[in-house]
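Same chain, two partners: subunit A is paired with subunit B first, then with subunit C.
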Partner chain A sequence: MILDLHTHSIKSDDGRAKVQNYCQWIRAREIPIDGFVLTEHRQYDATSDYSSLASEFGLCILKGSEVETEYGHVLVFGVTDALLATFDFSDIRLPLQRVVEACAAHGAIPVPCHPGRKRVGMQAHVGEFGVPEGVRIVEIYNGGSRAREDEIAQTMADDLGYLGIGGSDAHIVSHIGRCATRFPATISNTPELVEALRAEDFEALTFKT
Partner chain B sequence: MTINRISDVEFGEELPVFTPDTSLDNVRRFATAAGWAGPRFTDHEAARAEGLPGALVPGIMSQGFLAAMIHRWAPEAQIKNVDTVFRAPVIVDQPYTISGVVTDIDEEAGNVEIDLTVNNEAGETRVFGTATVRISNPSS
Partner chain C sequence: MDIEALKEEFLNKDFDEQSFDVDADDIVNFALACGEIAPRYTDPSHPDFQAPPTFASSFHAGRRMPEGFPKIPGLGMDGGKASSLKHPIRPGVRLVGRTHLHDIYTKTGRSGPMTFLVMRMEIYDPDGVQLATADTSVVIRERPGK
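Up next, the complex of A and B:
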């Protein structure tokens, strides 16, 4: 099963894509993914219900978040009410260690994203803050990466022994599915996604041309 | 092929790729006409002295290129908005391609949404965004 683990809809301040149009696009263009995770910036969208779209288009649509730390941006998979109560998702200066510890306590998975990017990527801050504890997975393929950003991310992952995922970081409809992650098992809900990530059996994919 | 009625628009349709003229002469003319001819737009050395990689194509000029591309495709379209996110600077004298693709059609309202992307030669997205355009059917 292939999921795009990093997407934004109009719920994000810089997102311009409606979820329905993502679904239409995936099917019309035969994008080789089975679903996607909406990781809205600095929030968890607890209210939107995409189950009817998921059913209509035969796609898995899950929700996570993208929070901001001193190490850059971090995807969070497995957000629960309990996790939401532990830190302010809208805070743009979250300590990564606090996010990592909160995720560990509440069964969620933190994944630093576009780690090769200046300012908002983890690699740019390792020199200043050191290698963070508790990170197991980073995003090594990001659909919005420029120049050598993915290469930097892969080198960092290799050097530090991290596993890698892929996500498009789509903000507009036509960018979905440019990168993704393949899992051996079928995933149909967030707990199954978290379990699959925890099993550490997945492969980052890029479809960028 | 140009589009004159919304019933001719298809979901996923790609607009003809547009190659904008980002030469220093053209940017200077635009910046001067727009009353925005600061050295960061008109002089590579002055821009580099500001820490920029070179003279910049003004954002409003990039938006103008996007609008021009839409009107080459649909000359009678009414552009309701062009909503852009600038991810990286567009540098003068460097080649770019602008792509557009239809991502939503509301025939009843006459509205079409278009994804817009400005890519450099390396295929990196410098600017992305969406446009909403109104394309009526002749009888409406």
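Up next, the complex of A and C:
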């Protein structure tokens, strides 16, 4: 099963895509993914219900978040009410260690995203802050990153022994599915996604041309 | 900069009110500039003649920011516009636009930390019916080298 693990809808301040339009695009253009995770910036969208769209288009639509730390941006999979209560998702200066520890305490998975990017990527801050504890997975293919930035991410992952995922970081409809992650098992809900990430059996994919 | 304190003091309080007289030429010129070809936007004789949905974003407030709003250090630039149409805007009426600071938020990008200020103009017809909203965002980013 292939999921795009990093997407933004109009719920994000800079997102320009409606979820329905993502679904239509995936089917109309035969994008080779089975679903996607909405990782809205600095928030968790607890209210939107995309189950009818998921049924209509035969796609898995899940929700996570993208928060901001001193190491750059971090995807969070497995957000729960309890996790939401532990830190302010809108804070752009979250300590990564706090996010990592909160995720560990509440069964979520933190994944530093586009780690090769200047300022908002983890690699740019490792020299200053050191290698963070508790990170197991980083995003090595990001649909919005430049080629050199993905290379930096992959090198960092190799050097530090991280596993890699892929996500498009789509903000507009036509960018969905540019990068994704293949899992051996079928995933139909967030706990299954968390379990699959925890099993550390997945492969980052890029379809960027 | 304490964003929460700024929100507490300035958010959702009207700080400007302007009147706008919209005539058919304004609408046609705007529509043509946008590349519209639908007659309801370009032909004043059309029975459903009205302004294109983004027309509301062409209105400007008299003040850019609420009185007393502090200067946020950095480089300011246009952060984009967004409009939402609730009812058609038609010519021949005097509209009123009331503006308030709708949101303040921060984010980090490749260029570093940024603060976004979102001004929202609510546009009303003479009967007090809200026709549209038009958001104007200003983004203030850190000066390079910081």
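The definition used in the following text is that the second predicted complex is superposed on the first by the 208 of 209 C-alpha atoms of A that agree within 3 Å, B and C clash if a C-alpha of one lies under 4 Å from a C-alpha of the other, contacts with A are read in each partner's own complex, and residues count from 1 in each chain.
Here, a residue touches a chain if its C-beta (ideal position, glycine included) is under 8 Å from a C-beta of that chain, and two chains touch if they have at least 3 such contacts.
Just so it is clear, the structure is predicted and the values come from calculations on it, not from any experiment.
Judged by the touch definition given at the top, the superposed model places A:120 against subunit C, while subunit B stays out of reach.
Shared-chain residue A:100: touches no atom of subunit B or subunit C. Contacts of A:73 after superposition: subunit C is touched, whereas subunit B is not reached. By the document's definition of touching, of the two partners only subunit C reaches A:90; subunit B does not. Once the two complexes are laid over each other on the shared chain, residue contacts for A:21 go to subunit B alone; subunit C is not touched.
Greater residue coverage of subunit A by touch, when subunit B is weighed against subunit C, goes to B.
Looking at the complex, you find that subunit A touches subunit B at residues 14, 16-18, 21, 24-25, 28-29, 144, 146-147, 171-175, 208-209. Across the complex, subunit A is touched by residues 105-113, 116 of subunit C. Partner subunit A is touched in their complex by these residues of subunit B: 11-12, 83, 85, 87-88, 101, 103-104, 113, 115-117, 122-125, 128-130. Residues 13, 41-42, 68, 72-73, 90, 92, 117-120 of subunit A are the ones that touch subunit C when the two sit in their complex.
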